[in-house]
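Let me begin by presenting the structure, written as C-alpha cells, before commenting on it.
In this document, chain identifiers A, B and C correspond to the written order of the chains, with residue numbering beginning at 1 in each.
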Amino acid sequence: MKGVILDIVPEARLIDISHEVPPHNVRQAAYLLYSTYRYFPPGTVHLVVVDPGVGGRRRPMAVRAPSGYFVGPDNGTFSYVMACQSVEEVVELCNPRYRLPHVSHTFHGRDVFAPAAAYLAAGVPVAAMGAPMPDPVTLPQPRLELAEDGIVGEVMHVDRFGNVTTTIGQLEWSGDELLLEPVAWAVRPDRRQAGEHHRDGAPRPPGPFKAAEAAVLAGGHQIVGLRRTYADVRAGEVLVLVGSIGHLEIAVREGSAGQRLGLRLGDPVQVRL
Amino acid sequence: MKGVILDIVPEARLIDISHEVPPHNVRQAAYLLYSTYRYFPPGTVHLVVVDPGVGGRRRPMAVRAPSGYFVGPDNGTFSYVMACQSVEEVVELCNPRYRLPHVSHTFHGRDVFAPAAAYLAAGVPVAAMGAPMPDPVTLPQPRLELAEDGIVGEVMHVDRFGNVTTTIGQLEWSGDELLLEPVAWAVRPDRRQAGEHHRDGAPRPPGPFKAAEAAVLAGGHQIVGLRRTYADVRAGEVLVLVGSIGHLEIAVREGSAGQRLGLRLGDPVQVRL
Amino acid sequence: MKGVILDIVPEARLIDISHEVPPHNVRQAAYLLYSTYRYFPPGTVHLVVVDPGVGGRRRPMAVRAPSGYFVGPDNGTFSYVMACQSVEEVVELCNPRYRLPHVSHTFHGRDVFAPAAAYLAAGVPVAAMGAPMPDPVTLPQPRLELAEDGIVGEVMHVDRFGNVTTTIGQLEWSGDELLLEPVAWAVRPDRRQAGEHHRDGAPRPPGPFKAAEAAVLAGGHQIVGLRRTYADVRAGEVLVLVGSIGHLEIAVREGSAGQRLGLRLGDPVQVRL
C-alpha cells in the first residue's frame, strides 16, 4: 500500500496509527480513529482498511470533512468521526481512473484505497472519484445515557496496558468539579423511545459534579472519587480518571484494569452522582 | 540502520515492509519481497537483512534490476525477485568507502548494508561498490509442476490471518474460466529429469479451465471450485481463490486456513482439472 | 504524537527506534537509546516517553548535547547517553507556549513532549522552553569494575533473539588481542569506597588481553575464549563475542542465550584474564 501511494505522490508523508487492530474488528478501528484524528494537521487523509467484506458487496468510500479526508470500506469504520463533525461529502469510489489498473478480489487496500488516498493527497477532488453516497453504513451508537442523577455508558476500548476507556465524555476539570460536555452519541433515557436523540442534537448533561463524590460501578466493583492521574494512587491500586481523550477511564497504576475488573468491550459502566 | 541512512541521504523516504520475519527465515523474507516489490516506484532500493551467516563467509551483495535495487546478504533472499526479471548487475559489496568506518562482526545491517542502500539511493552506481559476483546463492525453486490434466505446487506462505498462499500462479480470471500464466519456477514434469526447465524458460501451462470444476487437494481435504472472494462463502467456510498476488490461495472466511487444514510452508497442494 | 509533530513542523523526518519497551521499563529504554543514538545525524531530536510517573511530580525535561537533543520525562531515561558526553543544557519544560493548549493528566507524550520535540526540530532554542534543571534523575550506574586480573559487569540487555549484552565495553579487536576502553560507568574496585570514580573520570582498564584465554562466567557457566562472530561456532553452541555496540555479548548461534543460561537484566558477568 505504501509503495502504491509513493508511486502516485512521492512527497506524501506516511504515518502509521496502528497495525494492531485485531482482524475484522471494525469497532476498534473506529475507536482508534476517533481517539486520534483531531491531532493530525488539517487536510490529512486517513486511510483505514479493516475489511472483512472485501470483494463482496460492501462499497468503497471516501469522506470529506472539516478535519480532512477518510478513505476505506463502507462498513462503519468512520461512524464515530463522522458523528463528531459536519461531513461535507461522501462518495462511493467507483471511478476506475483512481484505482490500480488490475483490481484483485482480496486486497482493495492496495488496489483501490491506497490509490484513492494518494490522489486525494495529490489534490484530486473527492467528487471526481465517484458518485455521492447518501447512506453509509453506521455502527450502533455507543451507549451513553444522561440523566440528572447519573450516567450510564459502556466500555469503548481496552488498550495494551489494560486501561479501560468508556463512552462517558467529554469530561473537563474545573477546580475540584467535573463538567460533562457530552459527545455526539449521548442520549437522555426519557427520550430514548421517542428516538429524538438524532433530531435535536446531544442532550443537556447533568450539571457540574464533585469529583470526590462520584461513584463509578463497573465489573462488580464500586470506585468512589475520580482522580487526576495515576500518581494519585499507589502501584497496583484501581482508579478512575479523565483519560487522554477526555473520556472517563478506569485504570490500575502499573497494572491492568481490564484484567483486574474483568472488563471487555461493551460492558456497562455507571456513574452515580 | 535508519539513522545511518538518513545521515548519508537526508531526503530518503524509508518504508518498512516487515519486521515480522521469524529469525533466520530467509525463505519467508524472499516471499515477502516477491509479493511486494513490484508495487514500489521504479528505482526503489530494497534493503533486506535476514542474516543468520553474519560475520561468516557469506558475502554482502547488491543487485541492479529493471524494478530497482536489492541490497543484503548473499543467502538466497533475492532468489524469487531475481527469477522474475532480467537482472542487470550483481556485485559483492567490498568497497570500504561505502561502509561505516568501523564494521562490527555481528550487525552488517547497520555497518555495511544500510550505507550501501543509502549511497545507491544517493546515485552512486552499483558497479562502484564492488566486484561483479556471478554466482549468487539461490534458494531451491519453489515446486510448481504443470501438465495437461493438473498442477502440483506447494505452500509458499501462511500469513498472520492464516491465509495460505501457494506457488501456483499467475492465475487470471477470464469470465468463468481461469488462465494460468506460470511464474518463473514452473516446470513440466516430463522435462524434469532432463533439467530443461532452466534452459527454455517457463513451460506451456494447461489451457484455460472452468473455475467451478477444478478440485484442489491440500492437507487431506478436497475443495471443489475456485471462488472470487471471501464473501462468496459463509463465515467459517473453507474456500480456494486467486489471492492478491495472483497465486492460488486457500482461506477460511473470518478464520485461519493454516490451522483448519494444518498447512505449513512446503506442504503439497494439487489442482485436478 | 506524530500528528502533533507534523502539525508543528511538516518537514520533520520521523523514525521509530522501538515500540517494544515493556511498560514502565525505564532502564531498557535508556539502554536502547544508548545503543543507537550515535548512529543518527548530528542535531537529531530523540523523543523517548516511558513514563510511569505521568501526571505526578516528575518533571518534563529536554537536554542539549553534542550529539543532539533528548526530550522526555525526568526519570533516568537519559542517564546513559548523558554519561557518555558533555551535556550542554538541561531544562525543565515549563513554558506553556511549547505545549498543546490543553494538557491531559495522562498523556504528556502527546501534549507536552511531542510539541517540545517538534519546536526543537523547528529551531526553537532549548533555553526558551523552560528553566535550567541542575539535578536530573539518574539511574544507578551499571556495574562495571575493572582490575588488573579481571572485570566484573552485569547483564545490560537481552534482545528478542536472546542475545545477552553486558556492561563490559568498549572492547576492540587488535589482532588476536582485545583492548578495553571502558565506558563512562567503569569503576576500579579499590576506589569504590572512596567514591572517586565520579571525580577523575573512567579508570585505567587492564591492558590488552588474549581473546582465546579469557574466561567468561555467567549464569553458572564458564565459556573460555572470545569469538569474532556467530559463524565461528556451530548452530546451538554458546559463544562470547564483541557485540554490535562494542560490549561483551553472550549468544547462542541460531538460539537464545538468555534462555539457555537463564540470564536476566542485572545478573553478574565476570571475565577472568
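The criterion applied here is as follows: a contact is a pair of C-beta atoms (placed from the backbone, for glycine too) under 8 Å apart; a residue touches a chain by one contact, two chains touch by 3 or more.
Since the model is a prediction, treat every value here as computed from it, not as a measurement.
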item: Angle of rotation relating chain A to chain B [CA atoms, steps of 5 degrees]; value: 120
item: Interface sides of chain A and chain C: same vs different residues, half threshold; value: different
item: Inter-centroid spacing, chain C versus chain A (mean Cα positions, whole Å); value: 37
item: Touching two or more other chains - residue numbers and ranges from chain A; value: none
item: Touch list for chain B against partner chain A, complex; value: 13, 15, 36, 39-41, 44, 161, 228-232, 241-244, 246, 249, 254
item: Sites on chain A touched by chain B in the complex; value: 1-4, 6-7, 10, 14, 23-24, 52-57, 104-107, 110-111
